[in-house]
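Written out below as structure tokens is the structure these notes cover.
Should a chain be cited, it is by its letter among A, B and C, assigned in written order, with residues numbered from 1 in that chain.
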Amino acid sequence: MITLSSDFGWAYPAAMRGVIAARSDARMIDISHEFPRGDIRAAGFWLRELLPWFPPAVHLVVIDPGVGTERAVLALDAGDHVLVGPDNGVLIPVARTLDPDFDAYELETIDAASDTFHGRDVFAPLAAEIHGRAPQGLDTFSAVSSTDEWVDLSLPEPDIANDSAVGEIVVLDSFGNAITNVPGSFVQNDFGAEITVNGEPVSVERTYGAVDSGDRLVTVGSHGNVELAVRDGRGAAGFDVDVESAVRFSKRA
Amino acid sequence: MITLSSDFGWAYPAAMRGVIAARSDARMIDISHEFPRGDIRAAGFWLRELLPWFPPAVHLVVIDPGVGTERAVLALDAGDHVLVGPDNGVLIPVARTLDPDFDAYELETIDAASDTFHGRDVFAPLAAEIHGRAPQGLDTFSAVSSTDEWVDLSLPEPDIANDSAVGEIVVLDSFGNAITNVPGSFVQNDFGAEITVNGEPVSVERTYGAVDSGDRLVTVGSHGNVELAVRDGRGAAGFDVDVESAVRFSKRA
Amino acid sequence: MITLSSDFGWAYPAAMRGVIAARSDARMIDISHEFPRGDIRAAGFWLRELLPWFPPAVHLVVIDPGVGTERAVLALDAGDHVLVGPDNGVLIPVARTLDPDFDAYELETIDAASDTFHGRDVFAPLAAEIHGRAPQGLDTFSAVSSTDEWVDLSLPEPDIANDSAVGEIVVLDSFGNAITNVPGSFVQNDFGAEITVNGEPVSVERTYGAVDSGDRLVTVGSHGNVELAVRDGRGAAGFDVDVESAVRFSKRA
């Protein structure tokens, strides 16, 4: 199985599907091609949430604002999964989740037909080749070398105290929910109660349906993080926040 | 075969694909994940139009604005198809189309890892399990109980007379065509003629190409219903209507 | 393998997937269903860029603004590929790329259940049937006749001199890059230098990353054509151009 992730939108992903289909019978599953363009941190967050649900697979990831520059091409051996993508940090959070002791390999890139579409010309052929060689490890490739030098990506850590937390918005989802980096455990005893969000009282609820349509709530999303939401609306607008906005939570005494 | 339908947009559907792929070799086909958010009536309409074209399958449907509340989880045995989704009415129109005598089962829900993403944590595992047990019927599950109490959904019925009809807009499609609940048979003898739509004359045509670019027309869409369209434009804007707008048709004597 | 391309957006493609799945076990791969609505030239360009990366396949293409009118239904035998779609030119550029001597067949259309959705009622069943008969040629169908009369589509040709070129914007991609019809060879010796674009100096670069975020550049896209881009932005806006805008390039002495 090969999964495909990119920020390419509607047209270019088909070229990657074709390149893989021409070289491999592997089942292909699209993760999404609507990752926010060039946003390595957002993609790092979402891949960490999504890929661990899959069975063992080769995961092709092309969020690559540095395409054509000197950045390396990585393959990470993480548990039963292999992650293939650019060396810009996007693969690291999910690799750590899959296997804290993942092994990293730098791949000799093949000659690229273009300087602007390595997804098609470099990453997709490599993913197909890696899939075809399994279960041989990446260390059997002549064109790879083990490396300990790769670009790291750490998602921001919140400051958590007993009755307060300061975090930030990491991503918005497609519903407009604003997902913070504060773990859900911070509010685990507060369901049904109010806390303040940037100074304003908001109720903490297990489900969107617990408040009236249009009302704001604090909840714990499926990713396990505290999120700011509006029932049948967009949390980001309702709380006037965007990615990287600071969010201060305080429990009422 | 398992089909997937939701209103999740670009990111979350991948988690459902992963959960199913980890539990089943079933072929997966996406219906769409762009159903209008939380709009049970629109989803009920579209599923009724789309799913009957498929061969026997398990259809996973997650348009679920009540996620995490007390609403039940249903599996409907409808002809050779099984529909799995929330008990909010969204499954009913297509179930009736597939088999007017469909059987309904309420499923004991498994412990959900989250209160906000039952698509991933409840519905997808159930769909995979149901698919894996086929051709055993749903009545062989220990965790289900037959039920006659489920939330119904009836799409609105028009008032049809010989020379006039009063209906409403049920959905807009992605072209902006405004699809009414008036059956195409109402205009079957009027192709090439004019009728009035909310008092204004419009020609009835078999094809969009029969009028000039930018002109309005009444036609019968692929769903068999009367629709309001603008060639190369958006019918909803051209007729100044939206979902639930009343539409009055009158034939000229 | 059957690939699917259309301008249908989110809902209707599922009906085509169902029709094919009900008639064929063929693997289905979506190219895209977000082709610009009714834009035959843009679809002709993109299909020429995307489909040749695939292994032998039946390619179903439904960009069909003349649906329901008298336009014919074509199947083109182009190398190891078969292209199925309306006779409006959309299939021609990719057919020429796959095989300059492609053979064209006109298909007797089956009775259509609707006048507005031939993708579901005409093209999808034909694609499934053609796939099922392979490797028998199209000439073994009783319902086809060889034809030399089909609607042509030529993408516009630029005027190229030694130090200047006049072309036009053919399509915008989903990043907003404005793709011209000027071949990349025109700037192959100019990387790192400036040329003028409609009178204003812009640097020619191999990669987006070679300029600062927000800056304009001229580059050669993955399609091999000169494109106008803005790093982390939208080239069409940055250069104030749209599809069919004229673009004049001049090299500085």
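Assorted remarks:
The rule we apply is simple: a residue touches a chain if its C-beta (ideal position, glycine included) is under 8 Å from a C-beta of that chain, and two chains touch if they have at least 3 such contacts.
Values in this document were obtained by computation on a predicted structure and should not be read as measured data.
Rounded to a multiple of 5, the Cα-based rotation taking subunit A onto subunit B is 120 degrees. Because subunit B and subunit C share one sequence, their contact can be compared position by position; here under half of the interface residue numbers appear on both sides.
Centroids of subunit B and subunit C (each the mean of its C-alpha atoms) stand 31 Å apart. Looking at subunit C, one finds that none of its residues touch two or more other chains. Subunit B meets subunit A in the complex at residues 8-15, 17-19, 21-22, 28, 37-38, 65-69, 113-117, 120-121.
Interface of subunit B with subunit C (complex): residues 1, 3, 29-32, 34-35, 46, 49-55, 173-175, 206-210, 219-222, 224, 232.
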